[in-house]
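Inspection log for the structure reproduced underneath, given as structure tokens.
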Amino acid sequence: APTVYAAASLREAFPEIDSAPRFNFAGSNQLQTQIERGAPADLFASASSTEAQALFRANRCERPVTFATNTVVMLVPAANPAKLDSIYDLKRGPQRRLAVGTAGVPIGAYTRKLLARMRLTSILSKHIVSSEPNVTSITSKVALGSADAGFAYLTDARAAGNRVKVIRLPKWAQPPVRYQACVVKRSGVDTGGANAFLNKVRSSTGRRILAKWGFGLPPR
Amino acid sequence: MRAGFTALLALCLGVVLAFLAIPIVALFTEVPLGDVPGLLRDPVVQDTLKVTLRTNAIANVLILAVGTPAAYFLATRHFKGRALVITLIELPLVLPPAVAGIGLLAAFGAGGLFGGALQDQGIILPFTEWAVVLAVIFVASPFYLRQAISAFESVDPTLHDAARTLGASPARTFLRVALPLAASGLVAGWVLAFARGIGEFGATIVFAGNVRGETGTLTLTIYEQLEANFDVALSIGILLVVLSAVILLSYKLLSWRRSSSTSPTPFARSSSAPA
Amino acid sequence: MATLELDLTDPLRTFELRARLTVGAETFALVGPSGAGKSTILRHVAGLKKPAHGRIALGKDVWLDTERRVNRAPDRRSVGLVFQEYALFPHLTVAANVAFGGASPARVSELLERLHIGHLAGEKPTRLSGGERQRVAVARALGRDPQVLLLDEPLSALDAHTRTAVREELADILATLAIPTLMVTHDFLDASTLADRIGVIRDGQLHQIGRPEELTARPADAFVASLTGGNLLHGMAEGTRVTLDDGTVIEVAEPATGRVGIAVYPWEVSVSSTSPGAGNVLAGTVGSITPDRGRTRVRVGPLVAEVAHVDGLERGARAFASFAPRSARVIQ
Amino acid sequence: MRAGFTALLALCLGVVLAFLAIPIVALFTEVPLGDVPGLLRDPVVQDTLKVTLRTNAIANVLILAVGTPAAYFLATRHFKGRALVITLIELPLVLPPAVAGIGLLAAFGAGGLFGGALQDQGIILPFTEWAVVLAVIFVASPFYLRQAISAFESVDPTLHDAARTLGASPARTFLRVALPLAASGLVAGWVLAFARGIGEFGATIVFAGNVRGETGTLTLTIYEQLEANFDVALSIGILLVVLSAVILLSYKLLSWRRSSSTSPTPFARSSSAPA
Amino acid sequence: MATLELDLTDPLRTFELRARLTVGAETFALVGPSGAGKSTILRHVAGLKKPAHGRIALGKDVWLDTERRVNRAPDRRSVGLVFQEYALFPHLTVAANVAFGGASPARVSELLERLHIGHLAGEKPTRLSGGERQRVAVARALGRDPQVLLLDEPLSALDAHTRTAVREELADILATLAIPTLMVTHDFLDASTLADRIGVIRDGQLHQIGRPEELTARPADAFVASLTGGNLLHGMAEGTRVTLDDGTVIEVAEPATGRVGIAVYPWEVSVSSTSPGAGNVLAGTVGSITPDRGRTRVRVGPLVAEVAHVDGLERGARAFASFAPRSARVIQ
């Protein structure tokens, strides 16, 4: 079975598509670094095009393909102690504690883009911001109540279940969140296995499962 | 005033105990304890448990097998630079695990000091099970070595001499005298090293990644599962707390039984810690 | 029985140890102050320490010869060593301790019986009294059937009253063994009870070797004099007259000149409340008066005397201690 | 055969040393050492350094101030349940840091056991400096306590008795006898605790988050910069290695000077480890 | 000077300690086997251990009264305690050790001079010899100007030859102090040199109290007999005739019945190679023959004798030891 390095946000969907591969879920940029450092990955599934394209340019993987899209949302703890009902609440009121991805990780980059479009960049300096290395730690901060709010993907909100509440963000502000996958180039790579898995992801079953977990789907 | 001093001491102890106990107690309040067994049957947890046990078993066997003779050498032989060697052995103790992970990558990773040579042999260490083993050895072995050296040092050297004049070779002296007499100290060191290895995170995530069924240990899984399956993460946490407490307590009971049956000074203050 | 010969030189921390000895089937006691090098010699013989130069041989069997680069490991020398604090293995039973050197179970029982500790075979050493431990240590050393026996202060860890009994027992054992035995002790009574010859060592040098009574009769130096129980006085000699530091003039047997020590044994001193006419007389205040083994120990000024009676003497009173000129042994 | 035994021991030692030294050496080969000072002047690093020093200073002061009397109490008083208390104190040693972080959250986080009560007082711990301090204390204090207990235990109790019969009150006995005699053991324990605190990651990230200038410590920054700015991560890593080595070595030199000037037994084997 | 009175009961591990003593301005020695409870009594007096019941008072000053719930802390009792291994503070200089109890610098110098260790004021205890340490320990205990002095085996850590000198010095110091002094020792010579009265303690009970010569004259039990240096024989008594276990019949001074012990002192035994006509005679083989302080120690069968001459006797020869009926002290 191939070894699949995938963005943390894919943690629920991928094993459901096929539980055979060995998975490594982490921040996309962390996985990119690991592959650059010789990690024995066969397939890389990134939460943005940046990481996959970087590997492709370095001739460390085949041409990346887009297989899913996602939506950035704001999460608040189920109890919502800071009483946040909209992102605009962050412009007012007292200092809040926010969990935001670091600029280097896809979710962090998307969040900053989104806030820029909404002209809300100031909230990153107004509030206490914890820089998180991947979506997992963002959602967990919110789920555990140590952050009053966090920015993550819609899909993570689903996974976190009833511990968090989703606050949708305007469609017009959404950056294009494109998940790209590429087959790794290295000696001993399991190209066959990697392609087989990638095909499963892009098959209709795969697309159905991705959709079930809240991902958007690129046109066929 | 003088009763005050003891009261002050007791107060400090109370503060310490409260502070250390509260988070552990709180852990148990967060999760429906009845669900724990079910959550632990989750295949992710099962995989993780297997990886953790396998890698730690290998690492601990290596630590004991190579570390014990090395510690004996350091405890009984005197040579120039011995202090430096011991400092080197203790260095990983004070090294942040992430830095240790970077160091391991720099040494054995692709493009690392030895990475190329290893790769030519077809050996890839980073992000494999062996990377976990190496990471655990690197961070945990100093705990064992340190305690083992002092355990061997505290064996009365005249017992060693006595064995030699009674016709025992150096190897037999080691096996029949030094080893049994240092045993409780060695076990104490091993308990610490084992615990440190089980809890290892930083060096592993950097050097081995978190590949399910391969390098994904219990501790890594806790971080990964914190988001979605908070209850799974907590269950693993509780499993680890209980495991740790059982190991610690059984070691205590063991050494307490030993010492109470052979203690030469019945009024010596009972030693608290595996010192 | 082979003879143990040793001839060693070893620079220690503050002095150089030099020892040259031949020990037949007898017990030789090394006596001397702390740090004199006594234990070091035993360690050399056992092979636990290598001297800088020297040779150790048991008959034709050469154990050490630094010139020929011979140096047998301790486990290849046939020695039994009884350590000062016994060094019993705390994790092994008495029987297992004795069997450690390779003695058969039958031999172990025999040794335990001989040392009257058969009933303790199954005990751990930590549960034994001092005297019992000492016996186990001796049994263990004998368990290897050594050709040389080494004893490092074998009685010093014992109570005053256990000591007497164990000393006599050990004397019987050593008498029947008839192998070269080297023993270290601080106590002259131990040495004279157990040993045939005594070597007095100080700062790594053997200062005097002889039978106990020879040492008492002619102490070679101040250390031997005080070891054998003598009082020590100091003064300037001119022929057979010595002017002591307090001004008293006494007669001695052997002529000497310059600064000397005078050894006087307590049992050769008499004490009276009036000045006796003859002999050497020292006047002084009476210090402690102690009944001691059928006699009375009295201190008068700088002298301790052991006398049969002290009629009419009291602590603090003035008294006169006297001794014959031949009792005043001159020490250079 | 007998030379073989020593050779075997030396071989094991060689393997241990090589394995522990290689990653540390490799670390230095990875980064252009000349750039390190420049990288360390980066404002991110500066902020981080300040947070690390401030939080660790507070944590260490608290550990020493409260831990020392508590350890003294445990070392000198005997009461029922003492073994249990000591096990409790050692439990955090064997607890994976992430679990410790969850425990701290469960205790002091919003919605935690005491979180509500604290919040009513206007105290919110997560994402603040105090959360880092608590996390450091929780994971590091057992190292200090454990060593401090055994240091106080190894002070000859008759010295304590002697001080009392010479008219010293319990407090004076503690200050003038127990403290100076246990000092080197206390320092040894403190070195370990300090190092553990500096390297702390798991509990901090879970409980305190990574807020720049507030909870972002050196170790957290290493993880954060590992992908973004590897050279910065490495520079911090090297800074930490050097810092650790300096602390260890200066402690060694200190205790070596102490012991060589007052050692009662000149031929006692030199003690290697702050045991 | 106030009198120390103590009356204690304390259940120890294997027996109950009961001690009732009054010590005036004198030195009282507690002598007994290891584990008898000697040190425990000193700890009670110093306040380091609280007995189950009892009262300790110095004159009118009550230190402990369990009935009235009085129990002064050690630092509030005016005691000086010299510990067995001295317990000097290793991190303080000799002067700082002596000053610890609150002595002024002048008083410290005075004490150091008096104990001849003025030149060591700046040294650390670890660099001192055993005898020097002992003096520091005594100086430190006296530094508090205690009203009661406690000494726990003050000489046991010393070499045989240092011991004699230190013992005499200590005797002089104790003689001038004139405060209640309780001393523990294993050694009868130490006790009889230093103490006015001796209490023999075994299993927590004071078995005999008396002056040294009283203990020697009438040992109350086998322990006292062997402590004072006596030989111990066993047998069945019928009036003044005792049939020893080896079948020999001897005459004793006091009539008794049943199983008894017989104490015979070495200096009251004569030895000859032919059987003497009169007295009690035991035949046996000659064991060790040792010159000892002007006399010769000879063992004949179970008896050790101290005699002036041993003409014609050799180890292993047959000989006869004899003693007068009044020298055979009956012990029940």
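Residue numbering begins at 1 within each chain, and the chains themselves are lettered A, B, C, D and E in the order written.
Rule of thumb we're sticking to: a residue touches a chain if its C-beta (ideal position, glycine included) is under 8 Å from a C-beta of that chain, and two chains touch if they have at least 3 such contacts.
Predicted model, so just to flag it, every value in this text is computed and none were measured.
Taking the definition of touch as given, a chain qualifies here only if it contacts subunit B and subunit E alike; those chains are C, D.
Top-ranked chain pair, ordered by C-beta pairs in contact, is B-D.
One finds 86 Å separating the Cα centroids of subunit A and subunit C. Inter-chain spacing, taken between the CA centroids of subunit C and subunit D, is 53 Å. If you average the Cα atoms of subunit B and of subunit D, the two centres end up 16 Å apart. Residue numbers of subunit B whose C-beta contacts span two or more other chains: 2, 169, 223, 226. Counting partner chains per residue, subunit A shows two or more touched chains at residues 137, 140, 144. Residues of subunit E in contact with at least two other chains: 73.
Under the touch rule stated earlier, the contacting chain pairs are A-B, A-D, B-C, B-D, C-E, D-E. Looking at the complex, you find that subunit D touches subunit B at residues 1-2, 5-6, 8-10, 12-13, 15-17, 19-27, 29-30, 66-70, 72-78, 82-83, 85-100, 102-104, 106-108, 112-114, 137-138, 141-142, 145-147, 149-150, 153-154, 157, 169-171, 174, 191-192, 194-196, 198-202, 206, 218-219, 222-223, 226, 233-234, 236-237, 240-241, 244-245, 247-249, 252, 256, 269-273, 275.
Residue ranges of subunit C in contact with subunit B, taken from their complex: 43, 46-48, 73-75, 77, 79-81, 83, 85, 87-91, 100-102, 124, 126, 140-141, 143-144.
Taken in their complex, subunit A has these residues touching subunit D: 27, 29-30, 32-33, 77, 79, 81, 97, 99, 102-105, 128-133, 137, 140-141, 144-147. Remark: subunit E residues 33-34, 129-130, 159-161, 164, 168, 171-172, 175, 186-189, 192-194, 212-213, 216, 223, 226-227, 229, 265-268, 287-288, 290-295, 297, 299, 304, 306, 315 touch subunit C in the complex.
Interface of subunit D with subunit A (complex): residues 102, 105, 109-112, 115, 119, 124, 126-128, 205-207, 209-212, 214-216, 223-224, 226-228, 230.
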